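Two complexes come next, and they have one chain in common, subunit A, joined by subunit B in the first and subunit C in the second.
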Partner chain A sequence: MGCENIEFDQGWGEMEKGIEKLKRILAGEKETPFTSREYMTLYTTIYNMCNQKAPHDYSEQLYDKYKKTLDEYITSIVLPSLKDKHDEFMLRELVERWLNHKIMVKWLTRFFHYLDRYFIIQKSVPALNEVGTTCFLNLVYEDVHPTVQDIVLSLIDKEREGDQIDRALLKNALEIFVEMGLGQMNRYQDDFEARFLQETTNYYSRKASKWIEEDSCPDYLLKSEECLKKEVDRVSSYLHSSSETKLIKKVQHELLVVYVNQLLEKEDSGIKVLFRDDKVDDLSRTYRVYNKISQGLDLVANVFKQHVTIEGTAFVQQAEEATSNQASNTPGGHEQVLVKNILELHDNYMTYLNSCFQNHNLFQKALKEAFEVFCNKTVNGSPSAEILASFADHILRKGGSEKLSDEVIEETLEKVVKLLQYVIDKDVFAEFYRKKLARRLLFDRGTNDDHERSILSKLKQQFGAPLTSKMEGMVTDVVLAKEHQSSFQEYLRNNPDVHPGLDFTVTVLTTGFWPSYKWFDLSLPSEMVKCVKVFKGFYETKTKHRKLTWIFSLGTSHINGKFEPKPIELIVSTHQAAVLLLFNASERLSYSEIVAQLNLAHDDLIRLLHSLSCAKYKILNKEPSSKSISQSDSFKFNPNFTDKMRRIKVPLPPVDERKKVIEDVDKDRPYAIDAAIVRIMKSRKVITHQQLISETIEQLSRMFKPNIKAIKKRIEDLITRDYMERDRDNSHMFRYLA
Partner chain B sequence: MPPRASKRKSAPPNSSSVTSSDGRSVSSKAKIKELEKIDRLFNTYANSSLGMIDPEGIEALCSDLGVDYTDVRILMLAWKLKAEKQGYFTQDEWQTGLKALGVDSLSKLKKALSDLEKEVEKPSNYEDFYTYAFRYCLTEEKQKSVDIESICELLNLVLGVQFRPQIDSLIEYLKVQNDYKVINSDQWINFLRFCKEISFPDLENYDATQAWPLILDNYVEWMREKHS
Partner chain C sequence: MKRKDTVKLISADEMEFIIDKDAAMVSQTIGGFAEMELGEVTFPEISAVILEKICQYFYWALQYSRGKETEFHIEPELTLELMMAPNYLHT
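On to the complex of A and B.
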């Protein structure tokens, strides 16, 4: 190392030699690459010039010269080359010039590296690299970037329209924007991306408005999927990755969000047609495409919900109209069909939910809400809860009229339970079900215990024990009654003298489990009086603490009618039997005589007499022989009655129980609300009014939906009864009083 | 106050010989004298066999005080006395009450009545008095609610002056509605809240989803229908 100071001009002269060589290499002229030696010399020159003692420490001048060199190069060589070029050619030139510039900066930085180590830190000035970029930025980029943006955007547009473009070129060009940001993305975003996104929006908005008119829903979706794929591809090919989210969001919005309702509700190809024609692929595509959009599925689920609601409501309307149009029909026939239709609808859409919509909870919710709309409609005066109970009843009556297999019955019952979740008044269902269950258990021979218990356990699982506990009790009662009967038979055998001379069975029902029945103070025929007495005697040997109330209206009697043509066995209700047996003693009885002897109310007696004299089987002859019973009529035994069968059942049409069921349920609801409120208060101790209301509704939701007024009334009542009180300071809070 | 047919004559006490006792006297002799006067006054109106002032006695007291026995000030007096049973003042209640009022003669009591009105109207006392008024109507043991007719009278008496339009309207409603035959204490206390908080007659700030008793929800509905 020489100890002599290098003079600035001298040192710079050395450097210039190297710089000129570099320029020649960059210009593509024939030149040998830099050797290690050459590099070392240049590096060392700088080193020395910076380490000389002042005033020969030339760091600052060198730094300036560095910058000047670059500026000069750009001004003299780069700018002219760009001046007269256009479009793609301009782009190409720019990319090349930028690449060159970077190489120049790289080499110069190596030569001048020593400045980077100490000078820039000392003086807090930008590093050599940064200076390099800044020179290009100020002299070239600021000038050309609007033009570059135009060119890039028009190339992208060309590509979108189907032409091939030079993707690598675009990639390089856009990288310039990024690098010009010096570590930030602001140049890329401000000078390119903003307008790019805007033009993208405009482009797809135009396309969408055209396609939505021309294309079918599936085609449109296919096109949209394609476009989105292409845009993603575009990003990975030449756009900066940070653009992807913003870009996709814009495209999705223009294509899929703006027109979503128009698209999915298309008359000939929309969602409802896809369902109708079972287009699983198209439906899955719809889900897939909208799943990628934030809140996109909400939009689809909404259309789905409306569609299902319309379908279900149509079935309901069908049932309403069918019944009112027909003069006579099988009672409830149309309602049975309705339930079948709704069950089928449910099956179908559950399948779609799984196969096309990934069982997504938005769609589950949509399905639920749709079903809740039409599963709570009243059809021809019959509430949906009743219709469903009748449907179940129909199935359970010895498999219904179609003689279904056990498996099918089980399946159908399971579906009925599923459908019940959409019915709001579940307690109404329970009450109707209970009434029908009672009739099945008491009158329907050969009910299948397994099916009965199975549906009860399904109901219990879904909706809790309160719904089914009474019904389970009923089924148990009937089973126990059979056991009872055999011990009663034994009792009769052991006490032959008390035998009434008739075969009879007694079914003991636990009050409380069974629906409440009207009690009639019927005067029994003497033969039956004996039976009652005997059973009472037997029952008292079993237990002394129970009271028996006899409900003869639920009983069945077999009577031998000695008609002239041939004897016929009549299966009648015990009340009917009581009427008929009167005629063993008298040939002719007037209405008033019958009333006096039987002690029944007029409504009930008229029903009975009608069934025996004006209906299908005329066991009694009525004078006058009009179609209805009046209190001045008289009756005679009809000896000429006959039928081709040897045994007939004389039906007694049941009283319409609908009103009573609804009344009974309405009466019980306040107690249920009370119980829920007390439960909540007991566990919370202190609670706000709003919370109490919402928790009460939630607790009772398995049985019914109480309205706020009803809850308020119960709160009032509970306050009066000192179960709870209003907080003294906070009028909207309540406190539990232990 | 329950009306009584017969009137019992009473001997007005001689007020001229009363020494001043404003209840603040420290000397026990003065205190004993005061108590004696209070007791004497008590005995003037008390039913000797019962050992307390009964409705007849109260009626007599009213006439001597120059107020109607249905006057709200008698109710206020009962409140001050913390009387438990409607129509009756026990000796204890009488003593404590009159001592608190600082009176030991009829004329002083008369004057104290008008002061009492101001005392009751103080916000800190008013709610207490209002609640007391309801309790005072619970005449039977274990009675929790008061019949509509009595409530209407009580509302008029207690709130009528301060909230005339609301009370008149509310009373009209209570008489025509059929949902409730009696009012419980919770509903009672909310009548006052209603008058204080709800703008009248527009009822603009009434929200039925909040914790107002159902009877007021119904009342507001009725009002809104009437004026629509």
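On to the complex of A and C.
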């Protein structure tokens, strides 16, 4: 710690020597690296010069000298070297010079370190490091950065077109931009990134417009995926990481969002075709690629929905046209085909949903909405609910026309239940199904109880008990009825005197569960009258408080017809039997006589007589022998009737119940609405008009879609019936009246 | 003790002190020197006695930073000269 003051010039002379040596090292000249002794000397010199008493405290001058050294170095050596270079060479030179500069700053900072400790804080001037960067910034960067930007951008363009470029060089060059920001990203962003993003947008916009014309959808997607990969790679190689999100977003937008509809709807290769050709990979790629774009999936889901809707609607069209073009050999055959097609469609697209679209709920929704569109269309006058019910009926009748195994039946029933969720008028379905179920239970001897119960439990699970409670009752009734019958047989055995002489079975049904049937005040033949009486007697021993109503239209009779060629057993309805038995008494009867004896309405009688005389089996001969029945006809027993079978079934033409079913359902809906409204009011006590309507719709959505006018009407009705009232102050609020 | 992890500090009167590099790093200045080469630094203005005390200080500083809080005792005669050193050495 010597006490002599070092004069400035002397001290600076020492420093200059060191600095010159440094410059020589940087210039690559042969020079020994700094020894620690040399370093120490330089450091100590500064140290001493700064610690001297004023006016020999040369801190400020040293600081200025430091700055001047850098400036001079840059001006004399760096700038000239950059001047006459272009393109990549210029870039290389710049990077080299910058690196050199950094080294110089590092060393000088070490030498002048003492200033950093006290002087800069005292005088609030920038630290040595910062000064270093600022010098470079002001003298070099400001001058060259536009040119540099141009060069960099053109290199990137080259790489995009497929050329190899020096990535390390670009990385270094771009780092300069970052470092020039002195801790902020603004230089990088303003002087490079902004234009880079712009050029990228333009580039991909051009490419996209070209590719969209030339390439197929899967190829385009492949290319897009490639480009995105490359850009990410680009970022990790030489761009600053902060650019990644912005860059990717722009590229995605240009390639995928702008042309999405055109892309996915391409004639020969769009989504339609991908589905048709089962291109699972391409579909998955589509999902993957669009998943990364916000709301990208919305666009794809939309196209998906449209596609499914078109396919489904095409099937419906097909069914409509097929039926109008030719007479179908199986009634409703085309509808069966339609349901099968729709089920298949559903299966197919569910598979796609799971495999390609990761069961994403956007796509689930799209599928649902698409199906809702065409599953509610009326085909050839039958509402879709009816078609579906017929389809189920078909399957359940002894396994349908083809011998289906149990598993297949179960599966198909499962699918039917699934399809039902898309049908809006579920209560219509329920009614049709109930009617068909009744027929199956009463007439179709081969019904499989297990299947019936299984589909009912599936329906109950999906849609709730109200839908299925009556039907379950029906199935149980049939089982109970069998028990009744066996106890009735026992009764007859125990009381042989009351036996009416005819073998007969009675099925007792609970009225509420079964569809309502028209009641005919038929005059039974005497043999049957006895049967009825006997059973009534038996039933009264069982229960006292029930009333029996006899529905003969649902009954079946086996009659032995003694025809001349051979006796034939006829299986007919009880009504038909009643008609035929009249001919036991007389050979020939006129229409009016029959009417008088049977006490039936004209429509019904005409149907009956038609089935016996003008249809396939002419058991009665009609005079005149026209194809239709008129009230002036007369009928004769046909003794010559024969058939190759020993036992034949004489069917009755079915009545078209469709209108009736729909009417019945419509009649019940207001009650359902009432019940829902009251339930809601009871729990809420007070509620606004809007809310009430929306909650009612929601509650009823499991069964059907109520229309708002109907709901309003019911609300008014309930108000007049004092179930609820309008709030005195606010006419949009309702209050529950207990 | 490996050669590489040590630094040699040489005083004005040519006394050599070999200490761990970690200890030497306590002084930012030495840290800077030591980065160069040879691992050898000469202090023509610091006497051996002071330098010895400084080395002790380095070790104590390391210990302290690792949680062992003891006292560092300085003989009063040394204090004046001792105080100049840290300024130079940046510790």
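The rule is short, and it goes like this: the second predicted complex is superposed on the first by the 736 of 738 C-alpha atoms of A that agree within 3 Å, B and C clash if a C-alpha of one lies under 4 Å from a C-alpha of the other, contacts with A are read in each partner's own complex, and residues count from 1 in each chain.
Assume contacts are C-beta pairs under 8 Å (C-beta built on N, C-alpha and C of every residue); 3 or more make two chains touch, one makes a residue touch a chain.
Quick caveat: nothing in here was measured; it's all calculated off a predicted structure.
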| item | value |
| --- | --- |
| First, second, both or neither for A:60, with subunit B first and subunit C second | neither |
| Touched partner set for A:726, first subunit B, second subunit C, both or neither | first |
| Subunit B versus subunit C as contact partner of A:226, first or second or both or neither | neither |
| A:689 touches, of subunit B and subunit C: first, second, both or neither? | first |
| First (subunit B), second (subunit C), both or neither touched by A:713 | first |
| Subunit B versus subunit C as contact partner of A:117, first or second or both or neither | second |
| Interface residues, subunit C side, partner subunit A - complex | 28-29, 32-34, 36-38, 40-45, 81, 84, 87-88, 90 |
| Complex contacts: residues of subunit A adjacent to subunit B | 688-690, 693, 708-709, 712-713, 716, 719-722, 725-726, 731-734 |
| Complex contacts: residues of subunit A adjacent to subunit C | 1-2, 33-37, 39-40, 43-44, 47, 51, 110, 113, 117 |
| Partner subunit A, residues of subunit B touching it in the complex | 144-145, 184, 186-187, 189-190, 193, 208-211, 213-215, 217 |
